[in-house]
Amino acid sequence: MTRPRHLIVRNIKRADHTAIDELARMGTATVHEALGRLGSTGPHFRPIQFGASIAGSAITVSCHPGDNLMIHAAIELCQAGDVLVVTNTAPSTHGMFGDLMASSLMARGVRGLVIDAGVRDTGDLRRMGFFVWSQHVSVEGTVKSAPGSVNVPVVLGRQIVNPGDIVCADDDGVIIVGRELAAEAVRLSQARRDFETATRIKLSSGQLGLDIFELRAKLTELGVEYVDQLDD
Amino acid sequence: MTRPRHLIVRNIKRADHTAIDELARMGTATVHEALGRLGSTGPHFRPIQFGASIAGSAITVSCHPGDNLMIHAAIELCQAGDVLVVTNTAPSTHGMFGDLMASSLMARGVRGLVIDAGVRDTGDLRRMGFFVWSQHVSVEGTVKSAPGSVNVPVVLGRQIVNPGDIVCADDDGVIIVGRELAAEAVRLSQARRDFETATRIKLSSGQLGLDIFELRAKLTELGVEYVDQLDD
Amino acid sequence: MTRPRHLIVRNIKRADHTAIDELARMGTATVHEALGRLGSTGPHFRPIQFGASIAGSAITVSCHPGDNLMIHAAIELCQAGDVLVVTNTAPSTHGMFGDLMASSLMARGVRGLVIDAGVRDTGDLRRMGFFVWSQHVSVEGTVKSAPGSVNVPVVLGRQIVNPGDIVCADDDGVIIVGRELAAEAVRLSQARRDFETATRIKLSSGQLGLDIFELRAKLTELGVEYVDQLDD
Amino acid sequence: MTRPRHLIVRNIKRADHTAIDELARMGTATVHEALGRLGSTGPHFRPIQFGASIAGSAITVSCHPGDNLMIHAAIELCQAGDVLVVTNTAPSTHGMFGDLMASSLMARGVRGLVIDAGVRDTGDLRRMGFFVWSQHVSVEGTVKSAPGSVNVPVVLGRQIVNPGDIVCADDDGVIIVGRELAAEAVRLSQARRDFETATRIKLSSGQLGLDIFELRAKLTELGVEYVDQLDD
Amino acid sequence: MTRPRHLIVRNIKRADHTAIDELARMGTATVHEALGRLGSTGPHFRPIQFGASIAGSAITVSCHPGDNLMIHAAIELCQAGDVLVVTNTAPSTHGMFGDLMASSLMARGVRGLVIDAGVRDTGDLRRMGFFVWSQHVSVEGTVKSAPGSVNVPVVLGRQIVNPGDIVCADDDGVIIVGRELAAEAVRLSQARRDFETATRIKLSSGQLGLDIFELRAKLTELGVEYVDQLDD
Amino acid sequence: MTRPRHLIVRNIKRADHTAIDELARMGTATVHEALGRLGSTGPHFRPIQFGASIAGSAITVSCHPGDNLMIHAAIELCQAGDVLVVTNTAPSTHGMFGDLMASSLMARGVRGLVIDAGVRDTGDLRRMGFFVWSQHVSVEGTVKSAPGSVNVPVVLGRQIVNPGDIVCADDDGVIIVGRELAAEAVRLSQARRDFETATRIKLSSGQLGLDIFELRAKLTELGVEYVDQLDD
């Protein structure tokens, strides 16, 4: 392909469902840490609800700002266990998604939406139990008149999302795990979780991170000095 | 009038209460869409509570930033069913409104506040059940020393608000409906709501927006191509 | 001392616990107002929970952005009734604090955290009942490799925080009360609270701030004019 | 009129050219101050050039974000001495205006553009000497497919702009002077300018504002205390 | 590869130099428009100088925020005609690049820098004639202690940048053209430029875009009404 | 002192003029780096001019937002070689300073202004050669009615500024050097400058930072791998 085209890609590869569900249980902070602090989309995608923790396969959408035509095209390609990832070719605060589209996605078993724009009908969405992470909440509606693409690589915050990549989202935000990293991510995250559990027990009993992680020597090496009191 | 003056206007025209209450039931997204996507004040006015949905007649206030003298002047002119709309002549994050003023407004039957600044005592306001949409939450208090106006046309985000215009606010934000549009807005919003209800039923049963809105032809016309798979 | 150094100061002076607890009961807006509208850190520190109202002695930390080594060093110096105040030498959105550190702080009786960066594990923190005020929520984790200081004067938003100063935080944000002002702050806040209670009763019964605060004369003096109606 | 409509209004009233040109010479800060600190659109409209100072009659445009169809419609209605004012129904960073449209406007004697969005071809615009104040600079181009209005009242930042109102713009930003205030604005601005000139001479010779404006008494009255030295 | 690794890739494919130089002459707005409005990194990358227009092959860098170790590693791989593209794994305002690194890059014939962070020594950089587009200007310096990657795909604003992709930058911002699109981009941009030149001549002579682009019919079709005057 | 008071402190200690002038010659990036990367006020204070590089003793001012009374009080206390540092008790975009005050300050030999708010008359200020670093440019004027303080410790961005501290400002922003650090800052900055000069010569001749700073070993130690090519 040498010319820029607008494409809707029908078939994508997805990661193993067992791995995806296990990542949902881990939470974004643990997975992110386990992968060497990779995958964060940044602090600007915020949940419209508290307490949701999901993971799913990315169906990616690239829209013209303020135009939701391509979201309609994407819905047909969604399967149970997917997460819809909507991006725009320029910044937008439009409420590009609402309760009607959520009805459609819930009928297909989609687990949630991550959108680099606004969302609306947030009261209804919370009542319906449809989970959303967005940059804005806004009543500003959209048109259906400009072309775009579905299931092509897109940029979501600071990450590239390929169709079929794993989207993990909870109260802390949204991270992306490459599809081919699924098994490794589970393995590393489980190890991380076990380490965290063990550490939590120690810390709750009063042991200090300074001692557990052997940081006292590091402080000395970096030239940090202990003094009894500031003289002012 | 040829010189800029500071005015407090005692009497304003209000829209019919039945129409206002009907718009509150519709929600901002439905009304905004019904009116051809007009009236949004933008994504920056956020509720301090979840689940409130109100509409009321605007009592408008124009203040000096960080000075709430004119809010005091406005309260006297409020009636049951009104919504107080507070703006500033320059950007401000001050907490210009708190629980004391809310006590006063609740005693008069005012339905809520929209303020282009900060608000404080938000814990108390939630406990009292007084609804607020603001740009900021801030403890920073105010003085009472600069003149301003009440019930003159003001700018709220991206909208002109004339005194007596209808303010609709819910979890999605704040929209303004011109007083003279009240009946038409109700009629258009009811039609929009009925359309949404019918569409929701179809979508929940698995029909696609692509088919319901006949968007497949549009995609073709715009040159969007379906492919089975991305070759990489 | 003439060279910039990285210091960990072991001993600090704290204010009287009775005074601190009384300030927690007052709430930030009342204390801020009582002190002549001083002490606000500004509108950018937001709670991750609703309804918490705390006060405590500041343990101050100055970190390199995205590096939590010095937080570990600070924990050892925390006592029951303290509040941890974490700042950075440059802006950062990193989630520099999570549930592991919170376990450690809760084991020591620390009342909460104020951090000029991001926080993560927010779902867990809410479940644990550990209170946090931050600028961001973010999964982005940190390293432990750069030096900094503990219990030196730091800047938190618009305020200088000296170790041992009183940090008050609730739904409205975070304010700082100088340690040496503790008793005076309590006295002034109690007076302010009594005044607010009396005023609230009057306002709820329908009296107007215009009359209670004698603002009608002020409006006239400032040249604000009453008119019956806008002619358009 | 009771239904929201999209209108292009052919004829508008303009203020007297002599008054407009005099306001351009005064500069925005002087006019703003002379009018009692009214009319500022806020700090977000920035010039793409240094040193321009213009005033003109507003031709107002309301667009759909990212769609410049209505700007084309507006150009036909522009006359020599006008300033084009472009707003959007939702926030946009699109580069909605470039050198082609500037060629068209320069052929008609238009003095500049103020746009609540982005602008592009900024290098060319500077070379052509066409003056622009915008919120953003962006290459992101637009479509021509959504309806809007020309010469209806619009909101520009914090101001209502009626068609024919006077737009003043220079290095400090953009202010709006109501058409009916033109003569009064000139009179007040000239007085302000004379006052500023006289004051500048005094200040340059070393006299203090404290004495010229008799502020020493005010400081005392407000309880500000002079001390010789801070004891620390 | 299944584990996340930190890589420095020595060899990349570059586009044809003739095509790259031709795109530099076109300017970002023309190329962006010619490609169907694709490729914009968004409005947040601003030049530190006026009047530069460059294009070059991307050498991509992924750093830890506030750490410039990987920029040092990247310099060795730069050739004449390249543009350095620096990104971070989390948001940063650090001044991660200054005149020393610019000396190094100029010695290798590098055409400029695009950085998703801050830059410093901007006065020196302007004097040296080294071109930079950045998100921030900041004195805040960096450490050299965290790993990252060179010449892997990165995210720059709203775009994926693959090593060897073409970076075009001028006063309007930064766009990315896929390496494989080089020839097509030149062809489309030349056509667009010729169209713009022809249009500019017509518009400067007073013809209207309304007529040239046949927009009058579109206005009618969209229901936009012409009226002679607003009745108020 | 136990009660919050508004103070104007007449006498402050200043650093040695020779040291201050030497720091101005160094530039902010060199001084900041020499002091171990301390002192930055952050990326939000921007110059209104290009090419100025100053240093001076801080005269500090704390104002109510939108009120410049205390700036007038501060001017009397300024001496040749000082830099005026203006802060607010809450965020403000007001143009709190203009050409009249600059006339007064230039008559006293003041070297510039750093202001945590807006500035206006920027065209005039550039023509007069008075240097300003601000957060905003804005025509929005101020009143003269609220008390504040002069020459007390203030917060400027991320730094505490004590009266008499050294303010260094150039195209890269503003840094603060503690008065008592003056001699040490000069010594460290000169060493840093000599190191930079030597490094610049090496880099310009084609040597690499990788070799000069011995970073190749570090890359290996951190697990960064060199590969010849990305296989895709």
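A, B, C, D, E and F label the chains in the order they appear, each numbered from 1.
Criterion: contacts are C-beta pairs under 8 Å (C-beta built on N, C-alpha and C of every residue); 3 or more make two chains touch, one makes a residue touch a chain.
From a predicted model like this one, the values you see are computed outputs, not experimental measurements.
Common neighbours of subunit B and subunit F under the contact rule above are C, D. Touching subunit D and subunit E at once are the following chains: A, F.
Residue numbering shows that subunit B and subunit C use the same positions for less than half of their mutual interface.
Rounded to a whole number, the gap between the C-alpha centres of subunit A and subunit E is 27 angstrom. Rounded to a whole number, the gap between the C-alpha centres of subunit A and subunit D is 42 angstrom.
Computed centre separation for the pair subunit D/subunit F is 30 angstrom, with centres defined by C-alpha atoms. In subunit A, 37, 40, 42-43, 89-91, 93, 138, 140, 145-146 are the positions where the chain touches two or more neighbouring chains simultaneously. In summary, the structure contains touching chain pairs A-B, A-C, A-D, A-E, B-C, B-D, B-F, C-E, C-F, D-E, D-F, E-F. Residues 1-4, 35-38, 40, 42-43, 87, 89-91, 153, 155, 158-160, 180-181, 183-184 of subunit C touch subunit F in their complex. Per the touch definition, subunit E reaches subunit C in the complex via residues 64-66, 89-94, 138, 140, 143, 145-146, 232.
Touching subunit E in their complex are the following residues of subunit D: 5-12, 69-70, 72-73, 75-76, 93, 95, 98-101, 103-104, 106-108, 118, 120-123, 126, 136-141, 144-149, 151-152, 163.
On the side of subunit F, the complex with subunit E involves touching residues 27-29, 32-33, 37, 40, 42-43, 46, 50-51, 53, 170-173, 175, 196, 199-200, 203-206, 208-210, 213, 215, 218-219, 222-230.
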